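So, here's a batch of structures to check.
What follows is a pair of complexes built around chain A, which joins chain B in one and chain C in the other.
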Partner chain A sequence: MVATVIILRKTGSGPTTSNITSINTRANTTDIHSTADTTAPIQIPTDTSTKRSFWVVTRLQCTVAPASLIDNIEWYTDGANSFGTGVACIGQQGTSYTQATGTTGDTGLALTTGNYTSLTTDPVNVFTFTSAAPRTITGSTSGTGEFGNSFVYQITVTSDASPGATTQETWTWRFDET
Partner chain B sequence: MVKKETPQTPGEREDLSAQINTLFQTRKEAIGAYKSAVQNLINSVNTLFKIDDNILNLVIKPKKE
Partner chain C sequence: MVYWVACYKNGSSIKQDESQNYDKLDRNNLEAFVLMFEDKPVLTIWLDNRQLIWRLRREIKPGLGEIRVHLVGWREQTGGQVQQTLFYIFEQYNNEKETFPIIHVSGKFDRERNRFMNEPKFREFEVFPGETYYINRKVKNTIIDENDEEKEVEETIQEPHIKE
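== the complex of A and B ==
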């Protein structure tokens, strides 16, 4: 039987899991999933500092098991930052869940290996991960449930950004199924 | 190699069936159709920015007398 796999966003202390497969999730300064939240935007700084979204934790979940195995998990972008001037996105894989935090309506805690201790290495510009050079995500499954490492990312903004909603960027998870 | 002769007994038919299944399985594994399929899943992300306390500096020129 062909497996059924979905993308989860994990939030809160539980954590709560939300199915974000084929939809938008907004990376604002709040630790909830929404497609278009307007209550907790990121404050654009007026000085040389950087403001951030709360980090976004995503992971795969298998709801119908594969005939044999799912492995060779990869994560990538289209390679071009279309968020706009002054906006960047950093990310990395992590081996466990750490709840996002920060100041709602202002900025999130910086995504670093110090603040998110299970990141396998320092977060980098996610647009360096492309279909030709994806981020390899450790893990595999032959059953149901969440599997593999999480991919964690955060949007950052500097003073030259414009207010309002950004365009949507598409992230892709790719894996082999046997 | 599969026998070309028509099987005459139940035993021969079972033997031929087993040979065909073996060949079919070998063929599927050889072409990889049985081995792996790549799947893609996508989602999108965006964000919302705000600027608080916008200040517009207006210069009011004195009226000429």
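== the complex of A and C ==
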């Protein structure tokens, strides 16, 4: 039987896991998954500073095990930032979960290896991860449960951004199964 | 859905998801590997003692769906050179109805040509001396959890090895 694999977003201190395989999730300034929340937007700075979303932690979970193995996990974008002027996204893989924090309704704590200590290296512009040059995600599984490293990302906003919801971006997970 | 049937020299066969998985096929007695669509063969690979390779490649885009591609083919070593023939069978859907798959044939792994044509992580039985393969091993790691407490978790790690 082909394995059942879902994409999780992890939030809160539990953490709480939300299945986002068939839906969108919003990166804003609260550590709660939602598809359309508008109560905790990322503020647009009025100076040269940067405002940030709370970081978003995503990971794969196997709910029906593969016959043998899932491996060769990769994560990538379409390579083009469609969020608009002044809005960027950084990200990196991490080996464990760290709860997002910051000032709700204003800005999140910066995603750095200092604040999210299990990141394998410094976060980079996620749009450098493409189908031709994806982020390799360490890990594999032969059973059920969460597997592989998490991919953690954060939206950043500068003063030249426009108010309102951005265009939606789609991230891709890819893996091999036997 | 595309699936495989492994056919042995003694006339017996095994369908994907039955008693044996891909890793446990008896490769010494494998005669053919057949990819099926709607219970009809769409591709038959006669192995002629060449090394079989198969993967189900899955790409998931949240909110948009999934693409599945079967990588199947053979590898052999002749004159010190590894040669391979690879088929990529793309499952196709028209609305929600599955239609006949599209098949690409290639001699090398080349993700620049197509994003599904990247190299897999080989198993030991798929490679020849000097090539890299991966062994999966379960390990117990200690992590610091969200409450700053030590917690033991079991993970599967892959270790690269060079085949001798």
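One rule holds in what follows: the second predicted complex is superposed on the first by the 178 of 178 C-alpha atoms of A that agree within 3 Å, B and C clash if a C-alpha of one lies under 4 Å from a C-alpha of the other, contacts with A are read in each partner's own complex, and residues count from 1 in each chain.
Operating definition for what follows: contacts are C-beta pairs under 8 Å (C-beta built on N, C-alpha and C of every residue); 3 or more make two chains touch, one makes a residue touch a chain.
The shown structure was predicted, so the numbers you read here are calculated from the model rather than taken from an experiment.
Asker: Please tell me, clash or fit, for chain B and chain C sharing chain A in the overlay.
Answerer: They clash: once the shared chain is superposed, the two partners overlap in space.
Asker: One more residue to check, A:123. First (chain B), second (chain C), both or neither?
Answerer: After superposing on A, A:123 lies clear of both chain B and chain C.
Asker: Touching A:43, do we find chain B (first), chain C (second), both, or neither?
Answerer: first
Asker: Name the contact category of A:1: first (chain B only), second (chain C only), both, or neither.
Answerer: Only chain C is touched by A:1; chain B is not.
Asker: Mind working out whether A:91 is in touch with chain B, chain C, both or neither, as first, second, both or neither?
Answerer: The answer is neither, since A:91 touches no partner chain.
Asker: So, A:172: does it touch chain B (first), chain C (second), both, or neither?
Answerer: The answer is both, since A:172 touches chain B and chain C.
Asker: So in the superposed three-chain picture, is A:139 touching just chain B, just chain C, both, or none of them (first/second/both/neither)?
Answerer: second
Asker: Figure out whether A:102 sits in contact with chain B (first) or chain C (second), or with both, or with neither.
Answerer: neither
Asker: Contacts for A:147 in the overlay, against chain B (first) and chain C (second): which applies, first, second, both or neither?
Answerer: second
Asker: Considering only the touch criterion stated at the top, classify A:163 as touching first (chain B), second (chain C), both, or neither.
Answerer: The first partner, chain B, only.
Asker: Can you tell which stretch of chain C collides with chain B among 60-68, 96-104, 114-122 or 132-140?
Answerer: Stretch clashing with the third chain: 60-68.
Asker: Both chain B and chain C contact which residues of chain A?
Answerer: Shared contact residues on chain A (touching chain B in one complex, chain C in the other): 2, 5, 7, 20-25, 170-178.
Asker: Provide the residue numbers of chain B that touch chain A in the complex, in ascending order.
Answerer: Touch list, chain B to chain A: 35-52.
Asker: Touching chain C in the complex: which residues of chain A?
Answerer: Per the stated touch rule, the residues are 1-2, 5, 7, 13-15, 20-25, 67-69, 71-72, 74, 95-99, 118, 131-132, 138-142, 147, 170-178.
Asker: Can you list the chain A residues touching chain B in their complex?
Answerer: 2-3, 5-7, 20-28, 37-38, 41-44, 46, 53, 56, 58, 60, 83, 87, 89, 105, 153, 155, 157, 161-178
Asker: Name, in rising order, each residue of chain C that touches chain A in their complex.
Answerer: Going by the criterion above, the answer is residues 1, 16-17, 21-24, 54-64, 71, 111-112, 115, 118, 120-121, 134, 136, 143-147, 155-158.
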